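Next come two complexes, and both contain subunit A; in the first it sits with subunit B, in the second with subunit C.
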Partner chain A sequence: MASKFTRSNSTGWLMAGPATALMALFIVLPFIFAIGFSFTNQRLISPNPTQFVGFSNYSQLLGVGLLTLDPERDDAGNVVREADGSPTYPALRGFTRNNADYPHLDGMREWFSVSLGESRTYILARDVVFMKAVVNTVIFVLVVAPLQGGLALLLALLINQKLRGINVFRAIYFMPVVVSIVVVSLLWRFIYDGQSGLLNNLLGALTFGAFPRVDWLGNPNTALGAIIAMSIWQAVGFHMVIWLSGLQTISPSLYEAAAIEGASKWQTFRYVTWPGLRNTAVLVLIVITMQAFALFAQIDVMTSGGPLDSTQTIVFQAVERGYGKQDISGGSTISVILFVFVLAISLLQRWLTREKK
Partner chain B sequence: MKSLSLLAASLAFASAMSSAAFAQTTLTMWYHGAGNEVESDIINQIISDFNASQSDWVVEIESFPQAAYNDSVVAGALAGNLPDILDVDGPVMPNWAWSGYMQPLQIDEAKIANYLPGTKGVWNGELYSIGLWDAAISLVTRQSYLDELGLRTPTLEQPWTGEEFMDALAKAKASGKFDYALDLGTAWTGEWYPYAFSPFLQSFGGDIVDRSTYTTAEGVLNGEAAVEFGNWWQGLFTDGFAQATQDPADRDNGFNSGKYAFSWNGNWAALGTLDAYDDVLFLPAPDFGNGPKIGAASWQFGVSATSEHPEGASAFIEFALQDKYLADFSNGIGLIPATASAAALTENYKDGGPLAVFFDLSEAQALVRPVTPGYVVAAKVFEKALADIANGADVQDTLDSAVDEIDADIAKNDNYGF
Partner chain C sequence: MAQLSADNHGLRLAVRYTVLGLIALIFVFPLVFMLMSSLKPDAQLLSDTRSLRAFLPVGDISLDNYFDAFRRAPVGLFIFNSVIVTGVTVVLTLFICSAAAFAFVFVDWRGRDLVLTLILATLIVPFETIAIPLLLIASKLPWLGFDGLTFGWLNSYQVQIIPFVADGLTIFLFVQYFKDLPGELIEAARVEGASWWQVYRRVVMPLAGPVLATAAILKFLVMYNQYLWPLMVVQEERYRPVMVGLQYFFQLNRAWGEIMAYLSLITIPVLAFYLFLQRAFIASIASTGVKG
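Coming up: the complex of A and B.
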């Protein structure tokens, strides 16, 4: 006769079994492969044997360098200036391409530069596109996580009321979540169209033609913002539902007590609703962060990382390299870096939102 | 109870039917044209004709959407389950042949002696694939536009020079009649970029990789000629002659609705343009100093390396190479028939036909994309470099880093066997 512990334990394993097996097969196992591939030169298709290459994939992606250049001077020793008055510097390619004196900079490109007095310091990266992808992804996460979470909470508060036909509103806000992100991206491409897109027409009509037409996805300054706005709109309904379920676990008696005590709306929210949503908030924050780091489909459909790398993201780069450029080892390396990144941030979030006793 | 016995009976019937066909060996085939009804009608006709013509083989076709086709083949190959007969995009063929996905065709060379050069997929001295058609690009415009703008009509013998071409764009822009002077088709991404735009680079005197060794791009993709090309390319957008980002609908319909004075487009779009206007001209590519160039090679048929019946697969491909099928494809979807004799059977490509000029263009100007397994990666790098330059990136820097990336890839692959 099995004890109660092992009996319920085996039931537990039985229930968890299918999911655990599938996750092991499709997530854990490929990931172990990815870690292995990131130390090799594995190709997607190639007759050449795979070779162990150590950390070279990592240094290829993460390598950075510094170069400080003095402005060019003419024979009299005066600084040569551009037409706009800024000093002229020697071309970087003279240092980063086939220059035997700077072997450590070979193949690097300018990531960004800062001017200190007359000299200028260039921060070089071995893989500028990847660096830009990391920065773009972080910007995306930093904007999307609070905005989407906050907006979802606002919507959840709005639809958590006993009004006639409230389910219609719930359905409307939730609808974009049901539609595939690929379809949504295709549709928003028309909305953002630079010539006769819906957004341009709308803004033009509202301002009586004063608003200039913007090529939202074709302009490096607006492309990432456009994708952020659309992504928030698409997924906000999902988090709204999670907030809603959190709201409905809060006991009505607390609200009654608050009402009897004469609490204002804000005080009710601050001292009853928000504490009651603690665990939900942690969940929503972590889920949004992880989803935002995985930004891919919108980029693939709408911009392919352009214009001028303004919408490159980490996952898009992983797919582009692993599959598009047949460089599985490079794609795997990016995945491993992303994993470490997301793990670190999740742990940090857990630590920041821990129960303080 | 009744439905159950019905089911059993139909099962028995079905298995009896399939055992009747056991004498023939089934050959599987993958094709990229899913979703195009005309195209699948033609290919299905060839297959049923072939199946009826002999008793050894039965070809079964499975169609994929073009956008997912290459991925499906790669996935199929990794899973060890390729069909017997493949179709393959010409420039991708060396990659698949080198990777061991394909085997040389067993086709009598005499049979394809008079085929357009772009239709023959030769890698390492062996014929791996053969196309029933070629595709060509032309500069599309209307006689009335040229007359209004006071431009000389270029001919195959005397195409526009680079200056004449830029002069034409400037005049079209100055006329104020058009949204943009030139429709380059930047709404299309992927293979369109190297196919349509690398011939410009080649006409300037550069190339995607150095064809004398195929082991580097240094000097050809970032040399003087390439930088000159890059500056010209960037100028098209900064001077407002063309759009760096284009609405896909404008690509499909812009020229036909009068938004552009010139369109850089393929023969597959020509039928639609002929419907729209009655004075359409298909002009040769301008000559930027090293001869006018356009891309060559379209989709072709080949046999997978894992096929257990290469003789059957080759027999099918040889069967498909009949002039009447070449003509069917041409009439159906406007492609250039691979032989002159097939062209004579078609509505559009026969002597004096409205599209006959494409046959001549393909013969006179077409240059295949670099024949190397590394092309697949180089093409992606080239596409990104051109998109970046169009959006304002520094020309020399962009081409330098494109060269670095292509060279790194070649080195990573042990020079792709060169």
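Coming up: the complex of A and C.
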């Protein structure tokens, strides 16, 4: 291929140079910096020189500990009980503050606890809020990826039929994708409102007032679910279109063959459609997963991480520290942790696509 | 018998359209609600949510909310900023990324494969993971301003534009498209004595219409809807884009009518643009799913 008419080092660098330089400066460099800063105490503006601090940012964020406590007993050896009959335990503070016997628990707080018989095991974390953020993000990803991917496929199958005016429906299902997530979040904040929210009124009307009013975003039990539902609504059209383009690559002759064989609708899907969508499926799942890990705008506009940290997320925490508290090293450390999550997902994709070739 | 099956067919069609229609309602109701609410005074807006009136232009309808929104915040300025930032970024991106892709596909140069691999590798780095260190870099970068050399890009247009003009996805789209163009065409032009610049401008770019549209639409959506980055780097009202300008409407007395008017104002142009170029929008998303 390389002839004297296509060889030119200077032209190559001249044309690809600007893009390469910009990406080096604005993507590669910050990425390397993120890793570097995560081992220092870098701040956005600071009178003191930056110092190397090793893994302390990581242990500060990810440090967890276990502590099993036996219930308190009175002089006779009986378990001291609360008014509701549950045993009382010694205060955690005694173990996590300046206790020479438990140096590894110093500064930790209770994340959650489980009872095993009489004793109680406390799972402690150095940074409980960040732990909640990680758990919420993982829940978000685990719910959104299969649900949004599945619904998008259903919509794509529905839209893929030959019907007059089908393009109108396709256009409508896709519409929320072009609307900013910030606009959509604000709009849904109003829809979810506990007082005059559309959703409560709708549910009330459908059940003739039997459904109690819920402050969807103000209740720790419903807030994350409400954000999940809204996020799926906004982006499902995006993935519907990717599925649709996958569907259109499947040869019509395969469907004809299936029809001649007398395959049922389900059989056709199972043995013709689904195998043809393998690569699309992996792509859709990866894209959704990467987008889901980056969850931020919805949180910032709708709940700011509340109520009771029930909607904290990894990116929200990174921004709160890196920008809000100007703690660049803390924010960078969270960014690196996020990248490790995303990288793991991408490697999984590699493995999934390579496997059955 | 034929009559029966025809009826059956008609019934099935009706069921299909009903299902499609009900799903369509789920996707449009919040947007209809937004547009209708923007026309109503606050008191009516709130009471209307109790019935289907929420989705109808009924009662005390006016454009007052829009005028009030303009009075409350420099809405015109925000829209101007967004148009500048989005427009300039899209144009620069198309130019810089297509030139790079041209070099990757048609020109044979040392280091080509390595650089392309690195650029495509950046596709797995989400912007959110580099935003914080990028904030520090942006705060220290030099810039040749009208009044001389200044340091620190915070509060400016360039901080919202330049970091985004080269991106892996756009380069990837161009590379995929250029690969399908006949290589002989380029070779022939070279043999005729055309310079690389002439080949790019006269031969390749005139054929690149579809991919230019795709890349432009995707970049437009990303840039116009940006939120996290301008939130961090733009504190001054002067450079604020529309999404961040939204914060003006979240002071203590929350006027929902004005909020809905502002939301409509920044959404209607995009929706209109989308409905007008609907096929191109959908094709652009579909092509991001092209397996590379």
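As a working rule, the second predicted complex is superposed on the first by the 322 of 357 C-alpha atoms of A that agree within 3 Å, B and C clash if a C-alpha of one lies under 4 Å from a C-alpha of the other, contacts with A are read in each partner's own complex, and residues count from 1 in each chain.
Note that in this section a residue touches a chain if its C-beta (ideal position, glycine included) is under 8 Å from a C-beta of that chain, and two chains touch if they have at least 3 such contacts.
All figures in this text were calculated on a predicted structure; none of them were measured in a lab.
Of the two partner chains, subunit C is the only one touched by A:297; subunit B is not.
By the document's definition of touching, of the two partners only subunit C reaches A:238; subunit B does not. After superposition on the shared chain, subunit A has more residues touched by C, the comparison being subunit B against subunit C. Of the two partner chains, subunit C is the only one that A:174 touches; subunit B does not reach it. In the superposition on chain A, A:323 makes contact with both subunit B and subunit C. Residue contacts after overlaying the shared chain place A:196 against subunit B and subunit C alike. In the superposition on chain A, A:93 contacts subunit B only, with no contact to subunit C. Shared-chain residue A:44: touches subunit B and subunit C both. When the two structures are aligned on the shared chain, A:147 is found in touch with neither subunit B nor subunit C. In the superposed model, A:184 makes contact with subunit C only, not with subunit B. The intersection of subunit A residues touching subunit B with those touching subunit C, taken from the two complexes, comprises 44, 196, 323. Within the complex formed with subunit A, the residues of subunit C that make contact are 13, 16-17, 19-21, 23-24, 26-28, 30-31, 33-34, 46-47, 49-51, 54, 96-97, 99-100, 102-104, 106-112, 115, 118-119, 122, 124-137, 139, 162-168, 171, 183, 186-187, 190-191, 196, 200, 221, 224-225, 227-228, 231-232, 243, 246, 256, 259, 263, 266-267, 270-271, 274-275, 278, 281-282, 285-291. Those residues of subunit B whose C-beta lies close enough to touch subunit A in the complex are 71, 74, 77-78, 95-96, 98-101, 189, 244-245, 247, 250, 376-377, 380-381, 384, 387-388, 391-393, 396-397, 400-401, 404, 408-409, 412-414.
Only residues 1-3, 5-16, 18-20, 22-23, 25-31, 33-34, 37, 42, 44, 155, 158, 161, 163, 166-167, 169-184, 186-188, 190-191, 196-198, 201, 233, 237-238, 241-242, 244-246, 279-280, 283-284, 290, 293-294, 296-297, 300, 315, 318-319, 322-323, 328, 331-332, 334-336, 338-339, 342-343, 346 of subunit A touch subunit C when the two sit together in their complex.
Here subunit A touches subunit B in the complex through residues 41, 43-48, 91-93, 97, 107, 109-110, 128, 193-196, 215, 217-218, 220, 304-309, 320, 323-327, going by the rule given at the top.
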